[in-house]
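A quick write-up on the structure given underneath.
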Amino acid sequence: MKGLVLDNLRRDQLTDAISKGRRLDGRGMSEYRKLEIRPGIIPKAEGSARVKLGDTEVMAGVKIEHGKPFPDTPDQGVLIINAEVLPLASEYAEPGPPDEDAIELARVVDRGIRESKMVDVNKLVIVPGKEVYLMYVDISVISTGGNLFDASSYAVVAALMNTKFKILKQEENGSVIPTGETSELPIVDLPVSITAVKIKKGIILDPDVEEESINDGRLTVAYDQEGNLCAIQKGQASGLKVEEIMEMVKMGKEKVPEIREMIRGALEKNG
Amino acid sequence: MMNLIDEGGKRLDGRSFDQLRPFSMQAGLLKSASGSAYIEQGGNKILVGVYGPRDSRSRYGTNQDKAVLRCRYHMLPFSTEERKSPQPSRREIEISKVIRDALEPALLLEEFPRSVIDIYIEVLQSDGGSRGASITAASIALADAGIPMKDLVSAVAVGKVNGHLVLDLSDTEDKEGEVDLPIAVMLNSGLITLMQMDGKLSEDEFRQAIDLAMAGAKELREAQRKALVQKYFKEVDS
Amino acid sequence: MKGLVLDNLRRDQLTDAISKGRRLDGRGMSEYRKLEIRPGIIPKAEGSARVKLGDTEVMAGVKIEHGKPFPDTPDQGVLIINAEVLPLASEYAEPGPPDEDAIELARVVDRGIRESKMVDVNKLVIVPGKEVYLMYVDISVISTGGNLFDASSYAVVAALMNTKFKILKQEENGSVIPTGETSELPIVDLPVSITAVKIKKGIILDPDVEEESINDGRLTVAYDQEGNLCAIQKGQASGLKVEEIMEMVKMGKEKVPEIREMIRGALEKNG
Amino acid sequence: MMNLIDEGGKRLDGRSFDQLRPFSMQAGLLKSASGSAYIEQGGNKILVGVYGPRDSRSRYGTNQDKAVLRCRYHMLPFSTEERKSPQPSRREIEISKVIRDALEPALLLEEFPRSVIDIYIEVLQSDGGSRGASITAASIALADAGIPMKDLVSAVAVGKVNGHLVLDLSDTEDKEGEVDLPIAVMLNSGLITLMQMDGKLSEDEFRQAIDLAMAGAKELREAQRKALVQKYFKEVDS
Amino acid sequence: MKGLVLDNLRRDQLTDAISKGRRLDGRGMSEYRKLEIRPGIIPKAEGSARVKLGDTEVMAGVKIEHGKPFPDTPDQGVLIINAEVLPLASEYAEPGPPDEDAIELARVVDRGIRESKMVDVNKLVIVPGKEVYLMYVDISVISTGGNLFDASSYAVVAALMNTKFKILKQEENGSVIPTGETSELPIVDLPVSITAVKIKKGIILDPDVEEESINDGRLTVAYDQEGNLCAIQKGQASGLKVEEIMEMVKMGKEKVPEIREMIRGALEKNG
Amino acid sequence: MMNLIDEGGKRLDGRSFDQLRPFSMQAGLLKSASGSAYIEQGGNKILVGVYGPRDSRSRYGTNQDKAVLRCRYHMLPFSTEERKSPQPSRREIEISKVIRDALEPALLLEEFPRSVIDIYIEVLQSDGGSRGASITAASIALADAGIPMKDLVSAVAVGKVNGHLVLDLSDTEDKEGEVDLPIAVMLNSGLITLMQMDGKLSEDEFRQAIDLAMAGAKELREAQRKALVQKYFKEVDS
């Protein structure tokens, strides 16, 4: 991935600070940048949210359609998550189909949502085996300021919680039409994604774009409401020791309640 | 034909024939872009980022005499009633081209030979008249990027609805009405840089429609100027 | 778009002449080059025409198939127009999928046909909401000698007027089969596209490839049978004054009857 | 099996076994191409344009010792019974390759190192034997472009239909018959540069089929020569 | 096609030897390299085979699915053959969609199988006109050591002979389900592909990669069980005389029984 | 929930919780590749070829300071239950990336600036744990290519099945079980270079799962070493 390359001076300043348990922007090791979550900003979409996390900015939109279920899950609704980094998101971004980074982003966010069982897909069936709801969730990255995984995950979670869609039914002649009523999605968990990176020997959460550019190993963990780990993705061409991983998992777990409250709060303020 | 004008001569959203939809514009909200702008006009929510002038990476698109202007008009998948497939549609490709052609006459590209200027237009939510709003916003973003310009370009559509010429079509008026006629203009010189039309107008109606568009463009141009001033003072203040 | 670049001498000659109300090939300002229209040259296609306009040469072919209507127009046949500039059409053309110029060409021709309501698509329905006729119209540019928009539009209009297709019906078991009869398309208008360009202060119609290469603004207008404007496309990265546009519209309107007669004549000669 | 030969030994279109379909050829009708040709043979209507030798734009395809020959065989969307999708089919890609290989042996490519020659074949209307007709026409177009050649390449298909070997298959004979065997040949040297076959022939039948093709190719070659002469005199006259 | 370029010395040695009726690796003019055929090596596939022919190595796999027949052959199963040269197959290979060489390879192998009528596609019908078996045959080239056409053809023939698939039936409600029984494919011929090349004035069979790189004309012929020629592909930008072609055909025909026995033997050993 | 563990504490294929599936590895079987390896592990059959270090052909991917590592994980169309379409899936693209990231830490790429190393992984037949087996095999292939390495990378998945942590998931255990947790490790340094997880584990279970993976990796690493030694002696002997 093309991206920011820090000069040596700045790199040394950053690593020195972190080795002393500090960060150049004054944050604590576990501290997130300012997080703003604005659900419902795209009224045309069934669900939407815009998330700012420091300089990182991401939108997620949910469109609900209907269609055939996957053959191996005939009695479940379908969740499809895509991501694109808009070319205006940074000087390194380019127009075109999603590259491996955008694909990884979509798939990691997807696993956090899916494995937490956040949405009860068993309830998103119109006619078992024939017609189910399709949830298309699209992530659009507006500004790449570090920690895209968490920002995107929060945006998707908020957009799903914000979703209202038209209830559909199948008529005798086979056509699928709205009943006239609307519904929220059957939300049964609220997963939280926490990303940690190692820089030299220090471990920090929520890396900004500079910290990300010099990280020696990244770990993104999604936690469900009961405190279980429900999805993990290690990133970066580098190795992590077991102790480091366990430390990251612990720091993450401690952070989760705070983030979960912020997401909930944003939704309530809006709802 | 759908009834789009009420007995009192008001449109579905309560506007008079020559009235613009509510709009707002902001300059300079993207940190990494050379220039940027955000516009809301009716239900349109459009973000524009400009990068450049910067070195042309590909030899293919380089021009020895002036900067190459590139433009991408792109709708986010959730910006439309039905989910839009991420691949660029033929409509998006054509609109990208006519927007580029509408903006280029305002730019002094000769000052930046062998470089490239990229305009990225992202339609976050679409409504009638998104190409006009895109041009209006892109114009702000280009100015915000400090690219020397002869004039701002201001754009708006005129249409014919239930037999009446009306300004700044909403989505419903566009779909159910008879004519859609988007126009972009550099008001200082009176030069029209974009004009397209779908639907039937007599020569006389056409002439009146242009005047209606000009009046709307004037109002938008004032707002463009204000958005740039506001950005400037923000920078001076901070 | 890559293409012809004139040397300064030739450019000056052209603009000088036009400023004096003349053109180097002797044409008047409103005069079209020699126009030849040969309908029906591809018997395998349901409709076809080859148009030569000076050095410009274009073919259009119509294939009629059947399928589902668009959801928002369940009771209308479907018209789909595509264009490709064949790589043999000029030294600048290249093989590959249609570029932005070819896409614009197809869409501008499409709007002229569609907005004039030339073909009564309400009559192209087999089973309302389920099966309609699909008109695929393909434009193949054989030689790019200037004013592709008009030449392509005339080719498509002539090909549609020349079309004969098999009438289809749906059987009880759902399959769609020919009735054995054929029909022409329900043609109810004959739109004419006129392209004007400004060169310095002069306005001319039907620019050739040299004139096109130095134009300061182009306007393509389609006119219906009643003299209305029914589609417009301004081209070129340049501005036009309102008076210039009105002048172009007027010159075009005066030219329309002559072109319409030529198209009609070619069809009658052939039919 | 469909009955393709009548009692009098005539084919569906009235031809005898060793008779070509009606054909006509013209050289040099495209203004901007280096060389061009048009052929009609049966229902085939094929236009060929040759560009080059010209500088190779991409380093990828450059050869220091000779010109690179490129060839695209392409069917227009309306050239076939069912509309042909504009994307190149696997069939078109294979035919482009075998046509290129059939023409290259006739060309003195060594005279133009580091350059490229493009052959663009456009099938306006297709019928049986379009690859043969394409080669026959492309050969004229290459000569018309002034590219030095050892010989013209002439091509035609032989087939087996209701048990009989026949020359120059029509579409129906190709689809309903037993064998399709297209052959391209440089008649001066007797070198066969294209040969493909679908369907079953004994060794003896195969040998006879080649002779039949040779006779057909001779007739076509005479027409190729005439088309070139005609073009030459047109130029001299004008 | 990018590939091996021999130096002049090696080229001269090869052509000298062949002009004297010898080959540098000691083979006779009609002699094939060591041929190993291992059917059934991919148990997950309905049929499979791995073929080594000298340094050339190819795998073929058969997957049997069901779907609609082609409109012009409503009562026949469908055979689809694809080929890809894996990027690890040689230093010249590259990842990406099949290029013209891979497409030609697939189509030439396809014609040999199809025209010999090896598989009786009339027996591969579930419901006439509606549901038939689809045979997807994929060729994966693992090592390009010369004569890919023959090696690939043998792999496909062996994989088809090795195929066992689940018999399907259509239920009243239209869904297609397995009956519980399996079947072999209805094999009625065993075509053999033989490739000859001319080098100067000598003709040899089964060229290796060096011989292929200097060949002056290639001819691939498929023979059916009765000794008929059933598919031909001339390759290479070069010409062949009629006598040379007839010589190639004759040498091939004499070789066929030996190869056919090897294929049969490999299948029997396995079956 | 499907019953995947029997009363005696054995898994469907008779293995104990901490037992690997049968496996075999070979080094150096591709003639033209710089290095190669073949692995079978359960139903996985995976072939890996390494090319390089070689000159980077495209300027895009060149790095002045070290070799660029590229990796393609690719499933043959017949390797899966349902035929896999030849286009690269999003899953293949992601796995290619994480495998590349898992291998790069073991390589001394700085020794080969401006060059490229290509790892081509071909899954001939897929089963559970194909990404782990791919890493294990690719590691052998890289060593076989003579690329200097700090350590071999060994990889295996741990999972949770009917509530039990088990080593080296089969396809059925992966699909019907609760958790899949593939891990790659350089055992000398204890550095984990790949870790992904699907499904729910408590923090304690997660810690135990890592230990189980480490034990499995140790066994695989011994086999990797043997495969390389065997290749070496073969070469010495011949």
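Letters A, B, C, D, E and F mark the chains in the order given here, with residues in each chain numbered from 1 onward.
Convention: contacts are C-beta pairs under 8 Å (C-beta built on N, C-alpha and C of every residue); 3 or more make two chains touch, one makes a residue touch a chain.
Every value quoted in this text rests on a predicted model; they were computed, and no experiment measured them.
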Chains touching both subunit A and subunit C, listed by label: B
Intersection of the contact lists for subunit B and subunit F: A
Separation of subunit F from subunit D in steps, with touching chains one step apart: 2
Farthest chain relative to subunit C (centres taken as mean CA coordinates): F
Remotest chain, subunit A as reference, centres from CA atoms: D
Length of the line joining the C-alpha centres of subunit A and subunit D, rounded to whole Å: 58
Geometric centre distance via CA averages, subunit E-subunit D, whole Å: 27
Contact graph of the chains (line, ring, star, complete, other): ring
Circular arrangement of chains, read from subunit C onward through subunit D: C, D, E, F, A, B
Subunit D residues within the subunit C interface of the complex: 30-33, 36, 43, 45, 47-49, 51, 54, 72, 74, 76-83, 86-87, 118, 120, 122, 124-126
For the subunit B and subunit C complex, residues of the former touching the latter: 69, 90-91, 93-94, 96-98, 100-101, 104-105, 181, 185-186, 189-203, 206-207, 210, 214
Parts of subunit A lying in touch with subunit B, wherever the complex brings them together: 41-45, 48, 55, 59, 61-63, 65, 82, 84, 86-91, 95, 97-98, 136, 138, 140, 142-145
Of subunit E, residues touching subunit D in the complex: 100-101, 103-104, 106-107, 111, 115-116, 219, 224, 227-242, 245-246, 249-250, 253
